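A quick write-up on the structure given underneath.
Naming follows writing order (A, B and C), and every chain is counted from residue 1.
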Amino acid sequence: MRSLRHVLITLLVTMLALGTFASAQQVVDFWHGMTGSRVAVLEQVVGGFNEIDPNMQINPVLMGTYEEGLARFLGAYPVGQEPPLIQIYEVGTQAMHDSGMIIPAYQIPERLGEEWDFGQYVGPIVRYYSRDGNLWSWPFASSTSMLYYNADHFRAAGLDPNKPPTTWDEVHEYGLALQAAGVVRDVIGFGWPDWQFEQQLALHDQPYVDNDNGRADHGTQVMWPTEFTDTLFAKWSAMAADGVWLYAGTEYSPNSGFTSGTLTMMLQSTSSLDGIMRTVGDDFEVRTAFIPRFNEYPRGNSIIGGNSLYVSDKASDAELRVIFEFFKYLARPEVDVFWHKNTGYFPATNAALKQLMDEGWFQESPNHLTAFLQILSGRTDNGNVVGSRIGPFVDARDHIRVAMEDASRGVAPRDALNRAAERINVLLQEWLEFAQ
Amino acid sequence: MRKHRKELLNLATHAVLILTLIAVAFPVYYAIVMGTHTHRDAYAFPPILIPGDQLWQNMLVAWERINLGRLAWNSFFIAIAVSVGKIVLSIMAAFAFTHFKFRGSWLLFPLTMITQMLPLPVRILPAFYLMASFGWLNTYWALTVPYLASTTGIILFRQFFLTVPDELSDAARVDGAKPLQYLWHILIPLSLTNIAALFVIEFVYIWNEYLWPLVVTTQADMRVAQIGLRMLYTSERAAAEWNIVMAGLFMIMLPPLVILILLRRQFAQGIAMQSTK
Amino acid sequence: MNRFPGHNILPYALIFPTVAVIAVFLIVPFVQAIYMSFFRISPFGRVRVYTGLRNFEELLRSPEYLQSFLNTMLFCAIVIGFGLGIALFIAVLATQKIRGAAFYQVAFIWTYAMSPAIAGVIWALMFDPSVGIFTALLETITGFRLNFTTDAVGAFLLVTIASIWIMLGYNICFYIAGLQNVPNELKEAALVDGAGPWKAFWIITFPMLSPTTAFLIFVNTLYAFFMVFGMLDVVTQGGPGQATEFLVYKIYRDGFARLREGQAAAQSVFLFIMVASIAGFQIWTSTKRAVYSR
């Protein structure tokens, strides 16, 4: 009898001890959408943080694609199943702002009684994610689009790999030359095709929606079709008719065509850079260049893509503390540099950028510099060039993709885009009506 | 002459059947062979159709990548719990509908109708919110309880109970047996084939369920194996590592397959029963 | 019927769990879905505005919804037509008086154990634009390069073939069971009367199989309407464009991804009407059969 009591007491004490140990440890769930080769890189970064303090742990949970992560967060929050920390792609920016579910990033240090210098983040990222001059989400994995090309293919077709095409007309010419030389059947594919349409608008200083591209206030209607979009879609249609442009699916699906050598060129996010180089290895030489444009239209800029980090407003102070420490850790130059070098995302801080330049990294790997030069050499002074911000962005992109598929099948530019414009205008109106 | 022709016909029948069987089995074979190669060999052209020696390594990678141990355990637990629960509930209800005269007996037909007419997608959003209001999201409750009613099972057992001669229950009653004693000691031992058939049907069904687990779970450790397959496949779409995907797929498809093959005779009898109802 | 008189409460207790589960998890949510369909719900769930029949009107006028409906019907028709045709053919062969018939009867069952998601991934490999055997074969024969990630027809074909494949085991099993119930005397009588085996099949066996066929049409319809979800979500996500955004996938996307719960609820109601009519048809045929076989 006594031994039983003894056992029970020991058990109780052990449980209490374990309980206190467990309660000192704060684990924060972190939903992310880093698919493909980036999963391992993200896990290394988070693993580095988790080693610092056993009581402060980040638990990365892959929620599938960006789109799913956004939808699941918005669905989980009202029923109390949301994570404190989530990675959201740039498309979800306005939706997250309007959701009323988050703590704006700039308020996080305040809430903890700390200070943080947001000036340390690089300009283009800050501009994209700021509202009224304040950052609403935490800079993390920012990218933009650029042109990838297979230099070996260029050589095989007698083209100079040091002179990549800079305009759409040149892309078209190069494509015909590559076909004539029998190098490839299809020449160029677009990753994230919907995003490439947005890039082209910004690159030529054209608005997507009204109200300073949705940055001054909610957009109420789209600002196209215009003469510019006619030119753009007519060019794309013509390229598709010649088999130069292949509509190669959404998101990252053209990557396999490029890495296996069935496509010579690809517009794709910078975040694919390291994954592509690892897959290609020594098979051929991968080079990168600026996104092609039309010289007869004004210069704008390429826009930021990728994702940033949001914090649920239901996060407890203890969770917030862990999250803020994690943010500080991400801003360490060595962490940021590691992230950049292994993914192709922009380094987020000026300090990391400086370290990379001092190391001579960009001479060593010029492909990592391309997108930087592109975005730093463009305009920065209005909503058109910083990029649009609209509520029903996910849906809008569905319609843009349909329009682009139509264009690739030879539907007239106006017809394709009018249909999309009609649908997106309805979405914008519904957003104004119901999202407030 | 006639006999000769008949033999020829038989041979042709065999040939067609075997060819069809090969055609049906080939995709699975090809998928598994993919799982036995290195990444490079998986991308070889022309494709290598004989198995390599990388299956174990690939399985380990897949297992680690999506934490398959946990996911498979969830699927297994849920499948067993639902199968057993459904069998118990169906036997109870079928017993009531066949051995008693009571005012609720008209319910059988409407219940059957309702379960056939209200599959999950026509009630998915409110069902999700219902789970949320119970606090059942990310729990086994949400993954099991809503599945428990099965009119398929009720009908299966009802058909069988109706074939059991009245003399058995009369004798039991004369011996002073209570209804549940009769059910437990006489009827259930007679129903083992049906129980096994329903077990296969339900185990396969629940192991393969997708939409509901997708909706009611968000935490990594509450996911099920089918969702794991999606994670494995989607996360590699950029440069599909078919060898890893297929090694994972192999593990995920195995449990229901093994159960079906082990209980194939009972399953076939259950199907025969259903088709002659 | 009443083999245990005097037990008045017991039968109610026995059916209670089943009735309770059906009431709480089937009926209540469905009634709520009908209720929700009259509201427009804000993307973040904060505001509900009563909008009467607006959700239904918009659906009926929406070209996307119409397209989704037509695609679903086409998919369903192909899965039933080809699926049952092939299954019947194999089942007839496997029930001939040949050696090893029992082997074939179990050898085809196993596709039943494959989930739609598994089948989808297996066929995605067959259809893979760069390494898929099916794509390579098709290109050698026709010169046409199929890419299911970009090509609407390719994606539709992939989903359809994988679905026919996955249902094959189940369909064959049921047809074998059905064929074994056809009395041999009838067939032999027809043959004696001078009908060829082909004709004997169509005038005797096939009509005798009609209950099985009706049941399988019902089950395959349920598959095509609902069960296929896992395959779509893993392999095509409804794309490219909306080629494989079937009704069930559209409800999920609108409800959970596009944050349009009211519209999704309205789709649930439409879907219910479709299922109810199919289920009604199935019950009508099975009662007709009961009369017929007497």
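Quick notes on this structure:
Assume a contact is a pair of C-beta atoms (placed from the backbone, for glycine too) under 8 Å apart; a residue touches a chain by one contact, two chains touch by 3 or more.
Just so it is clear, the structure is predicted and the values come from calculations on it, not from any experiment.
Taken pairwise by the contact criterion, the protein chains are fully connected, each one touching every other.
Of all chains, the one whose Cα centroid sits at the greatest distance from that of chain B is A. The centroid of the Cα atoms in chain A and the matching centroid in chain B are 40 Å apart. Chain C has its Cα centroid 16 Å from the Cα centroid of chain B.
Taken residue by residue, chain A touches two or more other chains at 72, 78, 253, 256, 260, whereas all remaining positions touch fewer. Looking at chain B, one finds that residues 43, 129, 230, 234, 240 touch two or more other chains.
Residues of chain C in contact with at least two other chains: 130, 256. For chain C in complex with chain B, the residues that touch the partner chain are 1-5, 7-8, 10-12, 14-15, 17-19, 21-22, 24-30, 32-33, 36, 90, 93-94, 96, 98-100, 104-118, 121-126, 128, 130-131, 133, 136, 165, 168, 173-174, 177-178, 180-181, 211-212, 215, 222, 225-226, 229-230, 233-235, 248, 251-252, 255-256, 261, 264-265, 268-269, 271-272, 275-276, 279, 282-283. Touching chain B in their complex are the following residues of chain A: 29, 35-37, 39, 59, 61-65, 72, 76, 78-81, 251-253, 255-256, 259-260, 272, 275, 279.
For chain B in complex with chain A, the touching residues are 43, 65, 128-129, 132, 137-138, 218-220, 230-231, 234-240. For chain B in complex with chain C, the residues that touch the partner chain are 10, 13-14, 16-17, 20-21, 24, 27-28, 30-31, 34, 42-43, 45-47, 89-90, 92-93, 95-102, 104-105, 107, 111, 113-127, 129-130, 145-146, 148-150, 154, 166, 169-170, 173, 179-180, 182, 204, 207-208, 210-211, 214-215, 226, 229-230, 233-234, 240, 242, 245-246, 249, 252-253, 256-257, 259-261, 264-265, 267-268, 271-272, 274-276.
If you check the complex, the residues on chain A that touch chain C are 67-68, 71-72, 74-75, 77-78, 95, 98-101, 246-250, 253, 256-257, 260, 262, 391, 394-395, 401-402, 405, 431, 434-436.
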